[in-house]
Amino acid sequence: MDIIFFKIAIILTFVLFFLPKQFQYYWGLFLHISIISISSIWAVQSLFSDVQSLSFPFILFFGEPLHIEIDKLSAFFLLVINFTVLTGALYAKGYLIPYFNKKNKIELALHYFSFLWLHISMLLVVMFRDALAFLIIWELMSISSFLLVIFESEKKETIKIGIKYLVQMHIGAVFIMIAFILAFVRSGGEFSFDGLAVYFESHNPFLLFLIFFIGFGIKAGFIPLHSWLPHAHPAAPSHVSGVMSGVMIKMGIYGILRVLTYIHHDLFDIGLFILIISLISGVLGVSLAIVQHDVKKLLAYHSIENIGIIGIGIGLGVIGVAKNIPVLAVLGFAGGILHVLNHSLFKSLLFYTAGSVYRQTHTRNIEQLGGLIKKMPKTALFFLLGALAISGLPPFNGFISEFFIYAGMFKSLHSAGLYTDIILLFSFSGLVLIGGLAIFCFTKVFSIIFLGTPRSNKVAQATEVEPGMIFPNFLIGFMIILIGFAPMLLVKPLASIVSIFTIDTTPIQQIIPTLNGISISSGIFIVLIGIVWILRAWQQKKQIIKQGNTWGCGYTGANPALHQYTATSYADNFGQLSSHLVNIKKEYKEFKENEVFPKEKSFETHSSDIFEDYLILTPANHFYSRLKKMGVLQTGKIQHYLLYSLLFLIVIYLLTILNWI
Amino acid sequence: MLFIYTITSIVISLSILFAKKNTLTKVLSVVFIIAQISLSFIAFLRIGEVDSLYFKFDALGILLGFVLSILSVATFYHSTLYLKRHEFSRRQEAIYYSSLVMLIASMMNAYFAENVALLWVCIEATTLFITILIFHERTKEALEATWKYLFISSVGVAIAFIGILFLSMAANSTGITNLSYENLLSVANQMNTNWLKVAFILILAGYSVKLSLFPLYAAAIDAKTIAPSPINALMSTALVNVAFVAIFRTFIIISQTSTMAWAQNILIITGVVSIFIATIQLTRIQRLKRMYAFSSMKHVGVIAIGLAVGGLGYYAAILHLIFHSFVKASIYYQVGAIRQFFKTGWIKDTGNYFKLNPVGGLALILCEISVLSIPPSGLFVSEFLTFKAIIMSGHLYIAIFLFLLLTVIIYVFSKNTYHLLFAEAPVDIDYDKIKTVPYESASQFILLFLVIYLGISPPQFFTDLIYAATAILN
Amino acid sequence: MISFLCILITALFFAGIISKVKAKIGARKMPSILQPLYDVIRLFKKGAIYSPTISIIFKMAPPIYFASIILASFFIPLFDEKGVLSFDGDFVFFAYLLALGKFMMIIAAMDTGSGFEGMGANREALYSMLVEPAFFIIMGSLALFTNNTSFQELYYNLHLGTDLSLIIGIASIYILVYIAMVENSRMPVDDPKTHLELTMVHEVMILDNSGFDLALMNIAAWLKFAIYGTLISNFMIQSFWPLYFKIIAFLIIQASFASLVGLLESFRARNKMDKNPQWIIMLSSIAVIIFLTTLIITNKIILN
Amino acid sequence: MTYLLIILYAITLVYFALSERVKKFIWILSIQGAILFGVVLFSLNKIELFDFLFILLETILVKSIVIPWFLNKVRKHNNLKREHEPYVPVFFSLIMVVLILLISFVLSNYLNNSQMRAQYFTVAIASVLFGIYFIITHKNIFSHVVGYLIIENGIFLLTLAVGSVNPLMVNLAVLLDVFMGVLVLGIFINHIGDTFSSVKSEHLSKLKDN
């Protein structure tokens, strides 16, 4: 029954193009909410019932009815998608106000339309099993997100980035397609995900999984497949980047998980592969994030890092299954999957707040910001919340998922074999390192944007955004804190999801007391803070509170902004450590000896992504220029045109004579 | 039936040629369109019957006939727009319409022609009329384009004629004098394979000029750069289909013999080479229409490969042919609207089309997505099936090579299309001269949604027709 | 509960002992052992000065930092007395809690908008980030050794019987000492007694704190020392000893730890700033050796 | 008798390769027309009279009189004297002609069959190939037309070689002839001559990718 409404909602999206500007947003929101409510009902039904999966026919597809199937995994992703898209849609209203007059009716309609279709296609991606339908909807997702990315089409750069994005997405889709076809040809199962099972039973899964991994990994942004991500996220409007980084890249994770559900042997090397790639992505992602000056680019690199964390969880889970260590399997998968949810929460929160900053100051370069907490207190606090959460600090949700993974690793250390132990050693040291670097990065970005004194006059006219743009942050913040304080709520659903990958899910019951311990400790923590704060207030009430300038070594001449720390200088000592990874280029002139009255000097640093440079750009450009050199056939001379045919005939003649064809 | 149709169309075209009033021209065109559509319906109802001696209503013909009818409606509409935008003398307009009618009529004949020689004659006729239409704008460039096209296609047709000679020779050796496909098919396996090989290769090479397939693709590309956009729309769709019919029918004959494998290899070679050449040329194109011309070349290459690998490929090839017709036609209609904003066809002189003409821009985006065979376009489905067939037939490396090329094509297309859509507009647009209305783009939306619909859930009769067309092959 | 009290008590005298030892070695007149305590009490009586550039963050930070340290000390067991709070993997929580405190400290320092404090803050951030792995690897090896994941259980089941396991104990103590030094930004990494802001790490961060906030900071610093001291002492105290003996041992160990810090501070010179990172990473590599040793003990690597 | 004609035809091809003057092209074309007339006269007398006469007339009128005359008119109109330096030197073209004749011999052996008359076939193929070669090696579109007409004659000969049993083919070949002769020559050469004031194909290569 409700499927009818779902279909109707999908059809009604086309109405957008005929509506006048001012109604379009509300129409879009209405459709979003109706789709969300319908699909969430399905998800909840599937997730909290003990049936394996819901399944009902959706449309006629090549004569046969195309079923949509919602098992636990799909249900989980449905909920994540819906929540993030809801907040995104709410946030969009405020964010798009400045564009309302710049853009004409059709452009706006196209934007809302694409946003709706991004939502719909993501939902269907996790619900389709038929391979062809999956590919189609997968590409639809790429197209709609592409149209969203190029929203600010006035900028030449945006279009360039959009095209880069489109091409890379297409390459990913091609890999997935090849994988499906190969599985189909080699095994002759049905042409769908379920058909993969037939292949994997009889063949060594690694090769096919590798192809799938590349295909989905491009979407997910694993290093070195990530090079679209740091460009597309900054280019897109913030509600879009929030949704893209929050959930769209998770579709890659979904794909990988979905494929994993059909593999039941030779899992170890697959797990190891995922783990290694994920560790690299995590560490390099965050290292590259530290040296960025563009806040949204920085956040984009953090998405890569978090994808890495998710991957670590999944990889460990797979290894656990392979080595038959239930605790590692269960907690690994649980941690990874939970981190999908968590990352979608705090990453979208960070993007929304960063977007608000951008809307008020018209710059994404953090070197020009500073002291915004006085202008935009609410935004600042929500950004801080997001920063704490993404750094995996208690008592917020990021900590919980990382804790799952840690717990899995430490609990299984003793029972695991030698090689697994060494793998675990690297994993948890890597995870710790990632956490530390994340803290380093977010202390930097938060304090440079919001604290200290303004670094340019862009900050001066900034004001707090309207409540409409704050409200979604409240929703997300609530979720973040809820998960942080009451993680045990998630145990049951997580267990049911994990049961898809590993049969024995008892270990997750062991962790419940631990989670209770965490919540209690968090509670105590808050209480302690409260007590100390009250004491402090009580003490200061009796004392005189004076104001005095910041201590500047006694030098009080110039304004503090001058000798204030910048993002570059903050990142510098890390940059020195990892200069080869992030290759920072500095541009400046030395002072000469004879320079008595030095002229104005400037100092610039640029960092570039070595993977993008050497793995993607250089070969691509080389290939393209080669092709271009070859394109001289269209000379415009009749003689040449005829010559081709003559040569063709002669060549064929010879080949035939020589029996080569 | 076709005899009557042909006579009517000749009469109509002549009377348009000498008509004094525009209204009469309009009325006559409407009459012709009605005749056209009714013919395709009659053909559908009388499927499989032989008609006026040399013709036969077979599935492929019917499908392409329907495509042509749909396109001819749109083409007439856009021709009126095109002629409105430029000031031409009444005489020129009359010539335009009458030769358009004759072009459509001769193509329709070609679809149903059941005799090798007759088909050849029809194709020769299309050359004549399309030449007149290409020359319509009477500029230096038009003259050049026309000359090249005429000359090359005459040579091509001549080569094809030699091929037909060999075919007839092969037939004669089995005692057949009437060159109807029926007969040829019946004696196919007795024919001398060497003769068949030569015949096939020559027919392929000859008709490739119409199919805009390697080797004789080049002249058509230059012609499409100049021809009026509605004519482009027919030239790179219906005319391609004509040549496809010719080659397909020959291929069917071959398929009954031991030469099959050889012919398939030839087709694969031509297909891959065509796609490769299209790609390398696309990296250099600077005019909008050339880009689309080369993209047709790429699509025809895919079709050829689909035909070559067989199995699922046959179905995919015909599906691809039909979808490509709709998509490419709608693109050229849109190009007609674009041309009035920008003085020249050079991409660098265009820009910001999406702001200048939002609805058209939307249509163009949809066109671009569809022609790049990205979902939801039906072309994705057909291309996907083709690749499936390629890989199933064991040519994985060809598939990968093609994927590489297609990626490049996507890059080039996006680069140029989005330059046209979003780059800052050239200064010299005189807005008062532009008469564009949103519902001009309606035809494109209809065609493209038709492609999407047929791609996602094709109706029964449609698939049945395609299967019927390819039935003899497997 | 006992453990918490012990930590609290020892913490009060820690700074005193350190400075006493240093003064002794420096042949200076030694202040009372309670001198730091007096300072703090005086601070509690004082008002505060705030820069106009600062925001709520600066005021929030010290309480949160203090609370995080207190809570951290709740997890620390003392021999078989478990801590106030204890659950599986609580050392992860412990570590991240300290990190949270540090996070707040750093952004508070940045909040003042002073170049020096920024410098200190970012050094602090880098060093504490680099030192984290060492701690986790040690805990990992203990978990591998004892098949437990909470402080309490770890120490309870830690029987350093064989000579190999003794190596583990010693090495762990060595590393924990240095981790404590880094965490409190003491000698080889940072010289608290320096007078040049450019070379400070921790001291410069709290330049603008005054009154109550500063007091909290100082107490937190002592607590941190005491916590690590407790962790160290747990390696030495054997569970079969009688309780009074344990407590005495504990106090002795804490005192000796404090005096050890004093000794280090007076004899060792501060590292060059840009040498600090690799020095800290050295700790992690030693920790890895411990891990491997543990693998040998648990017969996962068979050496013969 | 027919052998003699065939050999004569082959020799005309050699002359084409040899000559550089446009006037000479026209002459040779008309000679070819005459030869074809002879060939038809001697070989094609089995078919019924009407067709026979029609073809005879076509050859003698169209091939050897009308088209050459027309070409000549065009030549005067654009006062063409000599083919400006062709792409390849003459003696190379001569070698090519010989090669082409050899190839066509090989081909006719490869495809030998009782149905066809090998001697016609060889020369016909040679003529077609040479026509294409001729077009490729000349810059002047006037010469392109000549080359095309050579192909035409070759095809006509080919029809005689293979299609003797069904005159339909021959008639089609004739139709091709007339169509091309009238349309191409009649309309375009004049147009182009007027528009570009020369018939060098360099003027006709604006449409290209560069």
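Things to note:
We just call them A, B, C and D in the order they show up, numbering each chain from 1.
Quick note on the criterion: a contact is a pair of C-beta atoms (placed from the backbone, for glycine too) under 8 Å apart; a residue touches a chain by one contact, two chains touch by 3 or more.
The shown structure was predicted, so the numbers you read here are calculated from the model rather than taken from an experiment.
Looking at the partners of chain A and chain B together, the chains they share are D.
Among the remaining chains, the Cα-based centre furthest from that of chain B is the centre of C.
Looking at contacts between chains, the pair that accounts for the most C-beta pairs is A-C.
Once the centre of each chain is set as its mean CA position, chain A and chain C turn out to be 36 Å apart. The distance from the centre of chain C to the centre of chain D, each centre being the mean of the chain's C-alpha atoms, comes to 101 Å.
Mean C-alpha position of chain B lies 79 Å from that of chain C. Note on chain placement: the centre of chain A and the centre of chain D lie 69 Å apart, centres being C-alpha means.
In chain B, the positions touching at least two other chains are 148, 151, 155, 222, 281, 284. Along chain C, no residue makes contact with two or more other chains.
The set of chain A residues that touch two or more partner chains comprises 631, 634, 636, 638, 640, 642, 645. Chain pairs that touch one another: A-B, A-C, A-D, B-D. For chain D in complex with chain A, the residues that touch the partner chain are 87, 110, 129, 132-133, 135-139, 141, 144, 201, 204-209. Here chain A touches chain B in the complex through residues 17, 59-63, 104-107, 110, 132, 135-137, 139-140, 143, 147, 150, 153-154, 156, 159, 162-163, 166-167, 170-171, 174, 177-178, 181-182, 184-185, 623-624, 627-628, 630-631, 633-634, 636, 638, 640-642, 644-645, 647-649, 652, 656, 661, going by the rule given at the top. Residue ranges on chain C touching chain A, taken from their complex, read 44, 46-57, 60, 62-64, 66-68, 70-71, 74, 85-90, 92-93, 95-97, 99-100, 102-103, 106-107, 110-119, 121-123, 125-126, 128-130, 132-133, 136-137, 139-140, 143-147, 149, 197, 207-208, 211-213, 216, 274, 277, 284, 288, 291, 295, 298, 300-301.
Every residue of chain A that touches chain C in the complex is listed here, in rising order: 370-371, 373-374, 377, 384, 388, 391-394, 399, 403, 406-407, 409-411, 413-415, 417-418, 421, 424-425, 428-429, 432-433, 435-437, 439-440, 442-444, 446-448, 450-453, 510-511, 513-514, 516-518, 520-521, 524-525, 528-529, 531-533, 535-536, 539-540, 543-553, 560-561, 563-565, 569-570, 573-574, 576-577. Contact residues of chain B toward chain D in the complex are 117, 120-121, 124, 128, 131, 140-141, 143-148, 150-151, 154-155, 157-158, 161-162, 164-166, 168-169, 172-173, 177, 179, 192, 194-195, 198, 222, 225-226, 281, 284-286, 290.
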